[in-house]
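What follows is a set of structures to go through.
First chain A sits with chain B, and in the next complex the same chain sits with chain C.
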Partner chain A sequence: MIGTAVSLDVAMRMLLEGAKMTVVLSVLSIILGLLLGLPVAIMETYGGRLLRYVAMVYEGTLRGIPLLAIYMVIFFSMPLLTGIGLPAFWAAVIGLGIRSSAYQSQIFRSTIQAVGEGQIEAAYSLGMSKLETLRYVVLPQAIRMAVPAWMNEYVIVLKDTSIALAIGIVELTRQAQYLVSITGEPFRYYGLAAFLYLIMVLPLTYLAGVLARKYGIKGTGGASNVRI
Partner chain B sequence: MKGKSPYIGVFIAVSLLLAVAASGCISTGTKEKVLVVGTSADFPPFEYKNASNGQITGFDISLIKLIAKKMGYDKVEVKDMDFDSLIPALQTGKVDVVIAGMTITQEREKVVDFSIPYWEADQAVLVRKGSGIKVSSVDDLKGKKIGVEKGTTGAIYVKKHLGNSSTIKEYPTYVAATEALLNGQVDAVVLDSPVAKMFSKKYSVEIVYTIKTGEHYGIAVKKGNKKLLDGINNALKAIMNSPEWNKLVEEYFGS
Partner chain C sequence: MPPTSESDVLIIRNLKKKFGEKTVLNGVSFGVKRGETKVIIGPSGAGKSTLLRCINRLVEPDEGEVIFDGINVLSKDVDIRKIRARIGFVFQHFNLFKHLTALENVKIGPKVVKGLSDDEAEKIAVKALKAVHLEEDAFEKYPAELSGGQQQRVAIARALAMEPDIILFDEPTSALDPQLAGEVLDVMKELAKKKVTMLVVTHEIGFALNAADEVLFFYNGRIWERGEPRELLYNPKREETKAFLRRIADLSL
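Up next is the complex of A and B:
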């Protein structure tokens, strides 16, 4: 009931339960995004005209639609059109995952293109095939260079999980809404939720810096110096 | 060109696997008769989350549980979502019924079917205590900044009658609208009277006017689901004519 006092204990339990959902949802989404995003990036850079076109339409469309609209299409429109309905949780993972794949494809596309032309020509002149060049020369560098931007993308995905409350996912923000509606104290509970987001994100930003220094390619002036 | 397709194929295969694994989770495979209820648990005392046990509860939830029991269901499964998502959820079969303090309106009746009314509410005009704002008709709100919860009948009413003459600010919840009132972002908030009454006890706000809209809350089912609707109506009638009803009202609205 409104005005009910909730002990900090109980409130934190609710919020942490929500935070757990936030983490699970974001991890699954970023992985799905990686599994789809990297091939899209390769298609855009190495594909023939058709593959390149398909990849561009894919990422262009998904980057151009708000996440909430993507959710509405997956959760509400798809079942009407195809008869296949996904449970809210998987609709949330797929929506966030494919949206992230579009952004991740652009991260990887830029780092794939950043690998020097000279290296690729050198690989060809050593007799490496296009695939071997991609696998042994381009991707190892491209993926390392992508680490900081990729971590940043993860942070974005983690924060965007809150949009999934629209389709019934009880994550951190929704738990805070529950607390606000029963206690009537928005400042306290939205504040606590914001604080929890921050303490989830800050170690990640720190980790991104560490990883960038560890895996950055020395002497290229690229990833090793990047701060996110 | 040819060389790299297996490379991509592996990624796509893994991604597809993930999607298939996801869709595998749809079927529940139980023989229990379950009524799936959609609500938006931020509208106390009709529906809210009980902080001590984490369960969604409230007047509406207790009512639908009584109805389900009378209709022979073994279990009620409550799905909570955004108020705006409830009707799409009903249309796409994500939920069987919606009970969420939902007012029966002509617009909504075009897309869903409603039960007989189970609650009557009006729209209350809430202002800060001591603000000196006097309202004796809706026209007195002209030129004022008015806060509402988006998607509610209060919002629809205010937009229709004051859309051209007032600044209307929409908030995601009633609490947010009321906070905005306390902060001075808006001069008045228009919201359902039962909630307004509770807010006037909790916050430094007062009800200065009631817009007699005579709204009725109803239970919504998918358009054309006559069998379910008839069952709900019969159970609802029986409950409203029994002492159970008064007990329910007392439990959630008493003192």
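Up next is the complex of A and C:
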């Protein structure tokens, strides 16, 4: 088998197939991470002692374990303990998603705190409840301030989808592995895969800048800090 | 004279507050009548800001009473949000909502807290912004694009738009240079003339002289001396008041 030639056309089709899985996996994971991470951040900043503790243990644990180990636990250990096995794809989404939620919670925690006591006191003084203050004053600012860091987190999630090959997900890196094992040409196919990752990531970095300018809050620093 | 008059919109009785070991308010009692402008002066650390924050319970006092329009504010049964909606608060550092334009900053209270429609809230907000003489081309600007004086006037409009029974001012001009402080003080003087009820913590002796009905001198967490502005400021009785006023006068020379 090794040494079989593969036409560039076929190779590219395989790699793009893998890249598609990489994108799908990363998008679902970052969304799951957002849906879990934002509430965790709110628990850490606005929760009572118990909620805060639960949230801290959650994000601290997930940030402290390598993604590969998280995958091993979800895909191999959980079925033994619970009898419920997840399909590899969903195990990959959940593993990457919950790990991202831990990091995203820290992004939002810091931007929530950056809104500052003064504006919160002003909202309370108008008669707003805690929830109204969160909804109308804190979150609109915290979410917008989080855009650059969040885009960065997405880039990390996108690259870390490659670790899902350990539980059998056929994504970009795994496709490159196939091609290498068939052709014995690691330089060409890993190089192509790396190039494809770069092509996906670079526009995102650019997009992060555009979004930061578009959604940045005037006077809170960052690229949008245009003074008149 | 115990402050128990019927016309008092706000009555403070024997208010006490400690932060750790430090006593910040040590038994403060006074009243504010409807339409009155009362000015509180005194050295920093005398408990002036804490007093204002205790009135709408941004800070919980340890002891004493706060009666607002006949309601015991410190009672556990009170929905403090309803009280706060009727008490305006203007902060030293403006504390405008940075993601909202000047107009939106003023609209948000009537909309979110009072549940008014966008149109109604806008009408009230425009009226309030005109009352503080905000230039019309600044209505759609964000706080970071406004001068400090404009920001503070928007903050006053934000308080006015709630149609409060009283507005508390916590050193509203301390973060402004004199020219910008002037435009804020002019607005406050107009409000005093219009008989808007105000309780103002400030170092602006000129404002106290021109606009106040009574001046309270705070010292060591107490009302050390109180009286008519001219009487208290030109002819203080107690040593500490004299020393404080001398220091203020030196600074303004």
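Some observations on this one:
In this text, the second predicted complex is superposed on the first by the 222 of 228 C-alpha atoms of A that agree within 3 Å, B and C clash if a C-alpha of one lies under 4 Å from a C-alpha of the other, contacts with A are read in each partner's own complex, and residues count from 1 in each chain.
Here is the rule we go by: contacts are C-beta pairs under 8 Å (C-beta built on N, C-alpha and C of every residue); 3 or more make two chains touch, one makes a residue touch a chain.
Because the structure is predicted, anything quoted here is derived from the model rather than measured.
By the touch criterion defined above, A:Gln119 lies against chain C but remains apart from chain B after alignment on the C-alpha atoms of chain A. By the touch criterion stated above, A:Gly60 is placed in contact with neither chain B nor chain C. Look at A:Gly191: by the touch rule set out above, it reaches neither chain B nor chain C.
Contacts of A:Pro79 after superposition: chain B is touched, whereas chain C is not reached. Of the two partner chains, chain C is the only one touched by A:Ile217; chain B is not. Partner contacting the larger number of chain A residues, of chain B and chain C: B.
In the superposition on chain A, A:Ser129 contacts both chain B and chain C.
When the two complexes are overlaid on their common chain A, residue A:Pro87 makes contact with chain B while staying clear of chain C.
Of the two partner chains, chain C is the only one that A:Pro140 touches; chain B does not reach it. Once the two complexes are overlaid on chain A, the chain A residues touched by chain B in the first and by chain C in the second are 129. Remark: chain A residues 1-4, 6, 10-11, 14, 17, 32, 35-36, 38-39, 42-43, 46, 48, 72, 75-76, 79-80, 84-90, 93-94, 129-131, 134-135, 165-168, 170, 174, 177-182, 184, 186 touch chain B in the complex. Residue ranges of chain C in contact with chain A, taken from their complex: 56, 58, 81-89, 91, 93, 95-99, 108-109, 112-113, 142-145, 155, 158, 162. Against chain C, the residues of chain A that register as touching in their complex are 118-119, 121-129, 132, 136-137, 140-141, 144, 217-220, 227-228. Considering their complex, residues 1, 3-4, 7-8, 11-12, 14-15, 18-19, 22-23, 25-26, 41-45, 48-52, 54, 79-82, 84-85, 88-89, 91-94, 173-176, 178-179, 195, 198-199, 201-203, 252 of chain B touch chain A.
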